[in-house]
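In the part that follows, the structures are each spelled out as structure tokens.
Below are two complexes that have chain A in common, paired first with chain B and then with chain C.
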Partner chain A sequence: MRLGRPGLISDYATDTAIFRSNVARFWFLVLLVATVVLGLGGSIPLGFMTLSLDGEATFYLITTLFAAIAAIGLNLVTGVAGQVSLGHAFFLGVGGFTAAVLGGLGETRRVFDLASGDFVEQVLLFGFELDMLIWLPAAGLMAALAGLIVAPVAFRLRGLYLAVVTLGLVFLGEHLFREWDVVSGGVGVGRPTPPLSLLGFRFDQPSEVLGMTLDRQKKLFLLGFVLLLIFGLAAKNLMRSKIGRALSAIRDRDLAASMMGIDLSRYKTVAFVISSFFAGVAGALIYTVIGRILPESFNLLLSVEYIAMILIGGVATVSGAVMGAAFITFLPLIVRTLAGFPLFGFISTSPGGGFPTVAHIEEILFGLLIVVFLIFEPLGLYGIWIRIRNYWKAWPFSY
Partner chain B sequence: MRARLLGEVLPRAGGNDPILEIQDLELSFQAVKAIQGVSLTVHDGEIFAVIGPNGAGKTSVFNCISGLYKPDSGSIRFGGQDLVGLKPHRIANLGVARTFQNIELFPQMTVLDNLMLGRHRHLRYGSAGAMLRVGRAIREEVRNREVVEAIVEFLELEPHRKSYVAMLPYGVQKKVELGRALATEPRILLLDEPAAGMNLEETEDMARFITDIRRELGIGVILVDHDMRLVMDLADTVLALEFGRPIATGSPEAIQNNPDVIRAYLGEGQRSATIPGGTT
Partner chain C sequence: MTQLIQTLINGVSLAAIYALVAVGFVIIFKSTQVLNFAQPALLLLGALWVTYFTTVVGINFWVSLIIAIALSAATGVFVERTALRPMVGKPIFAVAIMTIGLNTMLTVFALAGLGIDLRPIGEPWGLKTIEFAGFVIAQRQVAALVTAVVLTSALLVFFKYSRMGLAMRAAAFDQEVALTQGVSVAAVFALSWALSAVFAMFGGVFVGAGVGIDRTAAVTALKALPVVIVGGLDSIGGALVGALIIGIAETLTSTYQQQFLPQLGTGFAQVVPYLVMFVVLLVRPTGLFGTEEVERV
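And then the complex of A and B:
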């Protein structure tokens, strides 16, 4: 219900809405439409230039969509609840391999068994070839279960100590994935990701949809886009609910939070479980973009990448996590593009080239950007965006 | 919108029954005896003050009631239930609310969010409802926001609704913390130095809020403060502590003239003096 001048907020439901004005709603819609146009291979004329994405950029865009789901998850536990977790890679891995086992093809071979004197089937790779409708939620739930098991540690420790324990989790997980080769396919080999078949509809094969021919990339993009919208909305809702407030309260002052009747252990557990669920779903899908999942991917560096996403993007916000995911995912492309300019000619683009290569610069930038953002813009890209927005809102006045 | 009275949105406690009974409370940190044999009874609608020099154990008594410290012995009965050994959040959920000597607000949240956190135990929807934000979740948020708005009005916090607490001046933060405690719908309110660091006018306001809370809600209030004028003006009963030991209990007048209290505050040989802020 609106009274008085247009845009006057006159009831509490509108006051807590995600978009509090039609202007905000309009520009968000523009952003969504632009993303869909770019993702589906269209181009946007901007007057002086035309914006479009080539195959490689589209690949990064799709990866961004899935990575953003995991980054939002990490932002819930680390950004909102303030529980520093370096274990996000582990939860991604649990989701990824759960999906691969439940949805993927199994492999067996016949070996001669000396004891019985007969040929027996030996399992090389577990695989149940289930539908995506089962393996996708299962990947999330399995990761959530892992989160539930880890949570009791989380509510006994905090800060640096928790970070160290979750660091241990990554090493534990990486070892498990490396050694348990009937699940993971083994080091350096891995296993194919499960076919993206939802009740017979294949996301990973080209087909005719509503008169349009959609190839694999376009379908993957749409899948990621819809899922990110769903998970982003869920996280946003969670953040502005009593649970989001309780988690922020635990982050800010846990003593006072308990005086509000907030059960600290319960809410820290909730944070870990939900965050891990997000990571599990993202882990199940993110590797389907390249089609293969490797046990050694789930290492500390991956966790650090996700920490970098939320620190650079913006702590405790959904849009910050998405911006951070986009930035970190596109970083190789950004660095490679930079290397094309004469000013940055010292960056070698071939993998065998001398120092510094694109990969070197990327790793240096990770560290550098985390430090720079922590010192100069703790709110990340989101904070920069807010400042630009406020500047133009007040323009031409300086305050 | 019409200004609402606090009593219209928050439940009132009726009558004059004992709500909190503490008996022979003992607390020690290794060799230091922080509380020795403190007993007190607070009734609905009573303002009960605890006074004493620094280190007398006033805040320790609060910490025992709210479950942050576990007393060595003694009992704390609240509405017929023993609080000793319960976790802090359980005690809070029974209706014990408090403020802190050094403000313990959530600095990176707005005033509204801080007050809504006070409503936490009255918001009854789960994680799934929160993520979907349909029906019940929205209704509960709106209904509890209305309660919070009444508290905003009561404490005159309207200009600060959406300000981040960290940006607010000290006196306003003190009010927000009182508001957050009120929002939990307490049966008893523990105020740890509500007037500390406030100027005369702010102290006056705080005194008005405390008496209004008592009149409109009829709940028990335990007050710790060093501002003797405030304590003596507001309290029905005063308990004086020294080194963790109770030295006197009684009406403000009786306490002001109690020789032990005068000695505790001013030292030996000052029997003719009055304690600071005393009116006699």
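And then the complex of A and C:
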């Protein structure tokens, strides 16, 4: 019926469908198959280059998958519900350290106690060595709980006051992580991330699965991909449900929304809690790629990175958040590659080199991209993609 | 008792620095409805100009100060023209987030100019102190307080009596109406950014006075955010009261917390401004002196 007129949407069910057309379904399937092939160690020839999962890019790719989960979470509260949150780093940290405490190894030291004159066990690091089945959901739930505690302050406030309060949250959280060293390991030291062992199956060690030998990176990649798929679909479904509609209404005009009977404080709390849950799960996993979690990494810059992800990717879309996460995560690699070209010879690659170094360019680009996207393409990469698609849809009669 | 009064004196002088930066936030917010997250970068850049002329070029502090005022104002106007002007009429969040992007960019330039070591400001006060009734007061503390009082009073007089000040108040009240009355809103925007950058520069000078300036100075500007929020985003008087509350709360904590509540960890005073902000906002969601938002349905 809609053959040849994919843009025509004439009923509500089509409008809210996850895939609007079979074409979208087809490409999603292609992406799915390609990713699984990649994850299982295959390579995909693309004519001019061959895609495969090894080398430096893999590290960034895996980080992207986990970061995308957190970005989708932030997009729910900031993109869909319109509540600007600069506190995402805090929720990532809560998730990360909850996971590290529940799943990680504890550490104790025998010290001489002056009062009793005996040796006593002093706890250096809390650790309960639980299974991933417990610590992964717990990380999300703990972050969600933190979100629930913050929400009463958040839903009373509007606009910029909320942005500054969540910014304050990051500073308070950073102080907490820095000082509570039995949990976080202390500044500059941190603690190892928990082993990724799901009911005895190790994601962080090479092993044989269904007759294929998979190394650590491939397993992490597949884990990240499956989780991203689950969380992405969950977010997509949430957006098209009653809750999603209520949140969009709040974003568009909160007063009008409350006139229509939408309970503002309830839905804002829901948005914060769900978004924090996403952040908590992501925070528990992102640092397992590096293997170490540091208390000082959960600072304002991290929050700004996530804001940049959803801005550059596309506000209030799941695919936009994923694109943005990929873009920001790959930015260091992109800048380093650029520095290799003679045209960009002025970028010095050694950290001690003169201005501008790779790190400088990275940060400048980071700020510049936020500014440029806000001025020229508020819909982000997603908007650019829509424009390119529309151009070719009407080709050669596009204008 | 002596320690308490000494702490209060330190608190007031810290408040003077916060007030300088906070007034910068308020000027921009009142006239353009933008919360300027780029204030930390403006503070660093301002301090950078001063130390550049005093230490690298090697000229007199006061001359450097005047050049730095001009350069800071120019920076403010430049930022407003290039980045903020295209955003007029866009949602306030978009603009606020854009200033975060600006802050990231400008900070890189400022820090590249400053280098990684502590740079002396080159001010005449140094670490000299005066003794008054048994209390030791650093000259730079007095200078900060005097500067804050003089500059803020000058600003209030400017708003109240000058033609441009009237125009700025009109634009803050209603941009469109002001425009129809012949006020150049563009000039108002430019001037607010220039003024704000200059206030931030003075904040930077006093953050660095005596000890020198490095990247950590930007943290002071970020702590001025709770100050404006406590006082209310659109009230200069509120910013001053907020600065006093936060400045004194912070110095009291840094003096007594290690003694009474060491469990809270070292450097707890640094996050006290944010705690005070949480408490105030729980009671009054628009700060102590902020205008409550009235919405029409």
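By definition in this document, the second predicted complex is superposed on the first by the 369 of 399 C-alpha atoms of A that agree within 3 Å, B and C clash if a C-alpha of one lies under 4 Å from a C-alpha of the other, contacts with A are read in each partner's own complex, and residues count from 1 in each chain.
Rule of thumb we're sticking to: a contact is a pair of C-beta atoms (placed from the backbone, for glycine too) under 8 Å apart; a residue touches a chain by one contact, two chains touch by 3 or more.
The structure displayed is predicted, hence computed values, not measured ones.
Student: Aligned on chain A, chain B and chain C: do they clash or fit?
Tutor: The answer is fit.
Student: Tell me which partner A:158 touches in the superposition: chain B (first), chain C (second), both or neither.
Tutor: A:158 sits against chain C, while chain B stays out of touch.
Student: With both complexes superposed on chain A, which partner does A:105 reach: first (chain B), second (chain C), both or neither?
Tutor: Neither partner.
Student: For A:259, select first, second, both or neither according to whether it touches chain B, chain C, the two together, or no partner.
Tutor: Both: A:259 reaches chain B and chain C.
Student: Which partner does A:333 contact after superposing on A: first (chain B), second (chain C), both, neither?
Tutor: neither
Student: Going by the contact rule stated at the top, is it chain B or chain C that touches a larger number of residues on chain A?
Tutor: Looking at chain A, the partner in contact with more of its residues is C.
Student: Going by the contact rule set out at the top, does A:145 touch chain B (first), chain C (second), both, or neither?
Tutor: Touch status of A:145: no partner.
Student: Is A:124 contacted by the first partner chain B, the second partner chain C, both or neither?
Tutor: In the superposed model, A:124 contacts neither chain B nor chain C.
Student: One more residue to check, A:241. First (chain B), second (chain C), both or neither?
Tutor: A:241 contacts chain B only, not chain C.
Student: After superposing on chain A, what angle in degrees do the C-alpha centres of chain B and chain C form at the C-alpha centre of chain A, to the nearest 10?
Tutor: 80
Student: Just to be sure I read the superposition right, which of the two partners does A:384 touch: chain B = first, chain C = second, or both, or neither?
Tutor: Neither chain B nor chain C is touched by A:384.
Student: After overlaying the two complexes, what is the shortest C-alpha distance between chain B and chain C, in Å?
Tutor: 7
Student: Both chain B and chain C contact which residues of chain A?
Tutor: Shared contact residues on chain A: 255-256, 259.
Student: Could you please specify the touching residues of chain C with respect to chain A in the complex?
Tutor: Of all residues in chain C, those touching chain A are 35, 83, 86-87, 90, 92-98, 100-109, 112, 222, 225-226, 229, 233, 264-268, 270-271, 273-275, 277-278, 281-282, 285-287, 293, 295, 297.
Student: Could you list, by residue number, the parts of chain A that touch chain C in their complex?
Tutor: So the residues of chain A touching chain C come out as 82, 84, 152-153, 156-161, 163-165, 167-169, 171-172, 175, 178-180, 255-256, 259, 300-301, 304, 307-308, 311, 355-356, 360, 363-364, 366-371, 374-375, 378.
Student: Touching residues of chain A toward chain B in the complex: what are they?
Tutor: Within the complex, chain A touches chain B at residues 11-13, 15-16, 234-235, 237-238, 240-246, 248-249, 251-253, 255-264, 270, 274.
Student: For chain B, which residues count as touching chain A in their complex?
Tutor: Within the complex, chain B contacts chain A at residues 66, 68, 87-89, 92-93, 97-98, 100, 104-109, 113, 116-121, 123, 125, 127, 129-133, 137-138, 141-142, 145-146, 149, 180, 184.
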